[in-house]
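What follows is a structure written as structure tokens; I'll ask about it next.
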Amino acid sequence: ETGACLITKTDTNPFFVKMKEGALEGAAANGINLSTFAGKYDGDVETQVAAVETCIASGAKGILITPTDSRALAPVVTQAREAGLLVIALDTAFEPADTADATFATDNFKAGVLIGQWAKAKMGADAANAKIALLDLNASEISVDYQRDNGFLQGFGIDIKDPTDIGDEDDPRIVGNDVTNGSPDGGRQAMENLLQIDPEINLVYTINEPAAAGAYEALKAAGKEDGVLIVSVDGGCPGVKDIAGGVIGATSMQFPLLMASKGIEAISAFAADGTKPQNSEGLDFFNTGVELITDAPVDGVPSLTSEEGLNKCWG
Amino acid sequence: MTNPVVKASGIVKRYGHVTAIDHSDFELYPGEILAVIGDNGAGKSSIVKAICGATIPDEGEILIEGKKVNFTSPIDARDMGIEIVYQNLALSPALSIADNMFTGREIRKEGFLGKFLRMLDKPAMETFAREKLTELGLMTVQSIKQPVETLSGGQRQGVAVARAAAFATKFIIMDEPTAALGVKESRKVLELMKDVKARGIPIILISHNMPHVFEVADRIHVHRLGKRLCTIDPKDYTMSDAVAFMTGAKEPPAEITA
Amino acid sequence: MTNPVVKASGIVKRYGHVTAIDHSDFELYPGEILAVIGDNGAGKSSIVKAICGATIPDEGEILIEGKKVNFTSPIDARDMGIEIVYQNLALSPALSIADNMFTGREIRKEGFLGKFLRMLDKPAMETFAREKLTELGLMTVQSIKQPVETLSGGQRQGVAVARAAAFATKFIIMDEPTAALGVKESRKVLELMKDVKARGIPIILISHNMPHVFEVADRIHVHRLGKRLCTIDPKDYTMSDAVAFMTGAKEPPAEITA
Amino acid sequence: MSDATDKASEGQSFEQNLDQSAKEVAQFKVKNTSLLNRIQHLLHNNPTLVPVIVLVISLIAFGFIAGSKFFSAFNLSLILQQVSIIGILAAAQSLIIITAGIDLSVAAIMVLMSVVMGNLAVFMGVPSGLAILTGMAGGVGAGLMNGWFITKIKLPPFITTLGTWSIFYALLLWLSGAQSIRGQDIDANASFLKFFGQSFNIGGARITFSAILMVLVFVVLWYMLNKTAWGRHVYAIGDDKEAAEMSGIRTDRTLLSVYGLAGLVCAFAGWASIGRVGSISPQSFYEGNLDSITAVVIGGISLFGGRGSIMGALFGALIVGVFRSGLRLSGVDVLWQVFAIGWLIIIAVAIDQWIRRVSA
Amino acid sequence: MSDATDKASEGQSFEQNLDQSAKEVAQFKVKNTSLLNRIQHLLHNNPTLVPVIVLVISLIAFGFIAGSKFFSAFNLSLILQQVSIIGILAAAQSLIIITAGIDLSVAAIMVLMSVVMGNLAVFMGVPSGLAILTGMAGGVGAGLMNGWFITKIKLPPFITTLGTWSIFYALLLWLSGAQSIRGQDIDANASFLKFFGQSFNIGGARITFSAILMVLVFVVLWYMLNKTAWGRHVYAIGDDKEAAEMSGIRTDRTLLSVYGLAGLVCAFAGWASIGRVGSISPQSFYEGNLDSITAVVIGGISLFGGRGSIMGALFGALIVGVFRSGLRLSGVDVLWQVFAIGWLIIIAVAIDQWIRRVSA
């Protein structure tokens, strides 16, 4: 029986929980004995390193990993590959990407760009006077955080300066950044704070949909829920329902189940005859795709409705 | 002879290599003041702690009013009306004098406030506490709301003694109650003990003060090397005999050894 | 008259509403045993603590051997060779007897181990500690490695007294050193005090035990209501006079009040 | 027999004049009652005033730094509202810290109970009231579980609640599938869960019910701790558990009641958090434990137990809220906010210590 | 004068026979020395054996549950290696907990110093040795900063290190720009930083230098704590600070040295972590504080200070490592791993408590 490991960033984020479910299903179908591991929090390098080591020790054939730090995990992953394991990065690429044998990921920057473009088109002429609130993840600015944030701003047509830095922009339309820890209570508090700085905010970027839900509550409490656009990234089912319910204007949907099942297939193939997966053309990773979900489609940005989204959403 | 209030036999308590009580017996009779004397470290505190449940002996049997008891905590003893003045006093340092005096039997306000809101009647408790301290002659306590940790050593001891004397119904154990007290305050404690005895409540008094012991005790239990060496009647023996027995300078005559 | 070793004047210490020392004076002369007596809470412990830096007085001046001192911690006093037996003993409960006796002046092994690896010479410290306890007649301490918290009240006090007597070079303050001690052990402490005095080291003795005080003291400082009421010579006054002065039963004659 | 005379029941000879000794309680004239002196005494007798002073100072300071936006009635009421959940948790935490314990599981209990209420009311069709009652009972149960380990198995509170924190956290992830329950679903099926999210306006200030709940919780607990025998026992246990036991307090029973009550308060916080956050998210309040402990300590309650007033924790929570809000409004970058809050925690407590020392 | 006779310097009359009193040290025959009794005495005198026993039991248990994979020399050495960083942190934490303090900033100091070393050596061209020395000095400085607040400003250690934790954390995010330093870059410019990542094999086991460092740190600190005067002072301070001060220990100076030393140990942990992880990540070890405290408490060191052997923390760290590894290898779902670890913490400490109580 072929052994494989799935190492996710955390086991608390529904995104990774779904990824795990997808992987376990795929593993069962392919006759793979899958062990799962997770860090205790975003950025928990130590636990992921230990997990990779345990995988090597357990004689697994391959590892699926969402690296919690795209650089710091490189040495131990190299060890694993030297020990003959197939290593596939899911969701987040390593730096450089060829640290792993393959990467099955969403383009988080692209996901940001999509909602940025949508917001710009949706606001039309008002975009020039937009007042933007940016609700990010946390103070440590991990890659998902800056990629989504900067992608959104670029899509909206703002000069992002350093694409790996949050908050270095000087466009006057940006009211401010605040952190949410990706949870609704953080989203609400951050939104309240930014509203205090400028009550005229009319566009809100959020790191994920739970934060968006919290931001919406703050807007509602301030009686501003109608005039403000909220955009987000993830594509969890509650998020898609929030699109339908008018809470969120648009969100970029990712496909964790696809990443997981592709990953399992790749390991199964590798175990059978040693073939390694290929990247998408022109990219240094295999793109599992992003879809913009909105009930107010705009020209030039292809999108799905919330109804269509509900069939594809992952949680 | 009447039945003893407390009858303990064959009590043993060891801590690792250290033996604190070594097959000791103990009796307290109704209405008496029993003094327990002995060298430092002889095991006096240990044996009274075993009687009131503050330590659980390794071996032996304790009967209170003829019934076997197995206290697991001093609260069990207290519920039977046994009060103890511990050598280390057992006061809560940050609480006030009144709070300490009433722990576990606080006075509640009359009427609705007390019955339903369970509100404490602090003035009543403070008045009572002040009264008791005055009875002991502790006139230097300037504020009855002072936390106990700010009291002088003797003032603290006074609080512990007053508490025990006020609430006991079965018997009182006093472990060196006058050690830190002044001349006047010690005298008051001795008077208090006589009062308590007059109320019919027996007392176990541990003390190193021979004149005090010989003044108030009806019987003296001499403790030596973890066990009872003998019991003597203060009318039959002198202080120097007692001291000689307890320090091992003299062997007690066979008829009183136990 | 010779110059005093300690001369304190106008010392005041207040805690919120409570006055512990109220403009008190104090003197200790070379080679004497000075007894300090007074009611519980009179402020005896407070004034000696002020002298050795354990509390910092609000007002007043302290001279030691004629030089003004401003101790901020008892360590300053200790560095001058002043040792104190505190009423609450100041022992570290979880440490062994030997460790407690030597805190701050441990003995190190000879040679390389001691010099470079700074290794303690535990056997030497334990032998010394056992010797000192034996000198005090504390024969019931079964293991010298026992943590102090497992000792009986009197055994603990013995450890504190032995420590102070062994290391003092300037003077010793003893705050009720025999309170918890037995007859034999108290006697040994009194002998020890006489020895120390014979070595030329003066002692401040706080005690409620009048026979002890009158036996060893060269001079008696009577403390009342936070200040020195008078100083008496034990040869000129009886115990009952002293007790009467300290409890406020009698006014001392004008020539001895201070 | 040379000591025969000493046997006379009249005591030793030197005690003969004792009956003439003084009979009044000692009193001293205190001369200087300058203003400073009187303030010192006031603080000495009411140590809770210290965090109040720190709070006022920081309000004024941020009024200057962050400008009028900060000092508006609206913003001040917003701080109150933002603080309310952590404030309620801090009340539970205070109870436990006063007994010389510490509870690392308060936030996990809170979130777990909000998930329980939500699952029952939103997905399983249980009437909201019953769902809430179940959550409350669950909170008490979780608290009692902590208390049981601490009193019966004699585990240290720190390690117990470190363990149960993992346990509760795993349970809440399992129950929720790591997924949040949406605000709209709650509104549709169980709007009573959002009861504490309601608010009313007075003169520009918006007061939410959760803020009122917080104040109520503190007042009730303050009453219980200071005016009832139970409260005295709680302090005595925190002060010196062994002494408390020896002086007749049933320490185990009292501790159990404290942990159970704290669990109930956490469940209330969970209910209130649904109103505050608008949805139920298993990811919320992950650092709630540390935040609640911070509030308690800034409020002057000793981590060693037995000292400090629970009201301090309320002011402690408010101080943290004021710092956070003031820094955001002053436009400080998130990174430097973390930095500044570190300093401000230290400085706030240093001021507190300093004032206490001066007044000691 | 009626009491004239009492003035005789020969003492009171009843003391006349004292010179004949017994003169040997008390001794008792202890009859029953059954095996159980002797084991009890052994444990009583060597409480560190208790975590050792728990460790052995859990090793055996997981040997059964997780099978031969778990019990291989390789996996056991892997556990040692995985535990090494948290183990070193636990050594620093033990030092502080023995003084009745607690340090929430150990992990932040460690990561900050690894970032400092990395920045200097990799990006600024400073020779590795010098970069490491700077990091060490920084660790001492950070520790002294904690110690200064605690001794001079008299802040409680908990709140001090909660504050400095934020401060150090903000600094390390700032210094690193929240970016990790790549393993390749370290190899190219400053491979000495990875010194502790090296390893050698003995009979299937791979022993890394970081594991050796951990053991060394514990041995040295154990020696200092148990065989030198300084160590006795550290214990005395933790036991009762006021008594220690009164009996002549310069408590402030000793505490400062403890915090400085702990900072140095954290810096060593930082250096070792570079070798262990292979790169320098500002996000790693965010929960290192709690993990180190867990190890210390499971190792039987009292959070109230003054009691317990530092060696206990080593075994505590190993116990946690064994649990984690065993659960992982048994294929337990992550969620239920969290759940199980919660229970296992509680059960491990319960066993510890139980054995101690039996042997008391």
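As written, the chains take the letters A, B, C, D and E, and residue 1 is the first residue of each chain.
Going forward, contacts are C-beta pairs under 8 Å (C-beta built on N, C-alpha and C of every residue); 3 or more make two chains touch, one makes a residue touch a chain.
Per UniProt, the chains are B, C = Sugar ABC transporter ATP-binding protein; D, E = ABC transporter permease.
Values in this document were obtained by computation on a predicted structure and should not be read as measured data.
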item: Neighbouring chains common to chain A and chain C, by label; value: D, E
item: Neighbouring chains shared between chain A and chain B, ordered by label; value: D, E
item: Chain pair showing more contacts of the two, C-D and C-E; value: C-E
item: Farthest chain (mean CA position) relative to chain B; value: A
item: Chain B on chain C, rotation in degrees - Cα superposition, rounded to nearest 5; value: 180
item: Mean-CA-position distance for chain E (ABC transporter permease) and chain A (Å); value: 38
item: Whole-Å separation of chain centres (CA-atom averages), chain A against chain D (ABC transporter permease); value: 37
item: Two or more partner chains touched - positions in chain B; value: 15, 17, 19, 41, 139-142, 183-184, 210, 225, 238-240, 243, 247
item: Multi-partner residues of chain A (at least 2 other chains); value: 11, 139
item: Touching two or more other chains - residue numbers and ranges from chain E (ABC transporter permease); value: 2-3, 6, 12-15, 18, 21-22, 26, 28, 169-170, 173, 335, 338
item: Every chain pair in contact, whichever chains are involved; value: A-D, A-E, B-C, B-D, B-E, C-D, C-E, D-E
item: For the chain B and chain C complex, residues of the former touching the latter; value: 15, 17-19, 38-42, 44-46, 87-88, 138-143, 146, 150-155, 157-158, 176, 179-186, 208, 210, 225, 243, 246-247
item: In the complex, chain A residues that touch chain D (ABC transporter permease); value: 11-14, 17, 136, 139, 167, 176-179, 181-186, 188-189, 192-193, 196-197, 210, 213-214, 216-217, 220-221, 236, 238, 241-242, 245, 247, 315
item: Sites on chain E (ABC transporter permease) touched by chain C in the complex; value: 1-4, 6-9, 11-12, 14-15, 18, 21-28, 223, 227-230, 232-233, 235-236, 239-240, 242-250, 306-307
item: Of all residues in chain D (ABC transporter permease), those that touch chain C in their complex; value: 12-22, 26, 28, 30, 41, 44-45, 360
item: Chain D (ABC transporter permease) partner contacts - residues on chain E (ABC transporter permease) that touch it in the complex; value: 2-3, 6, 12-14, 149, 153-156, 158-160, 162-171, 173-174, 290, 293-294, 297-298, 302-303, 335-336, 338-339, 341-346, 349-350, 353-354, 357
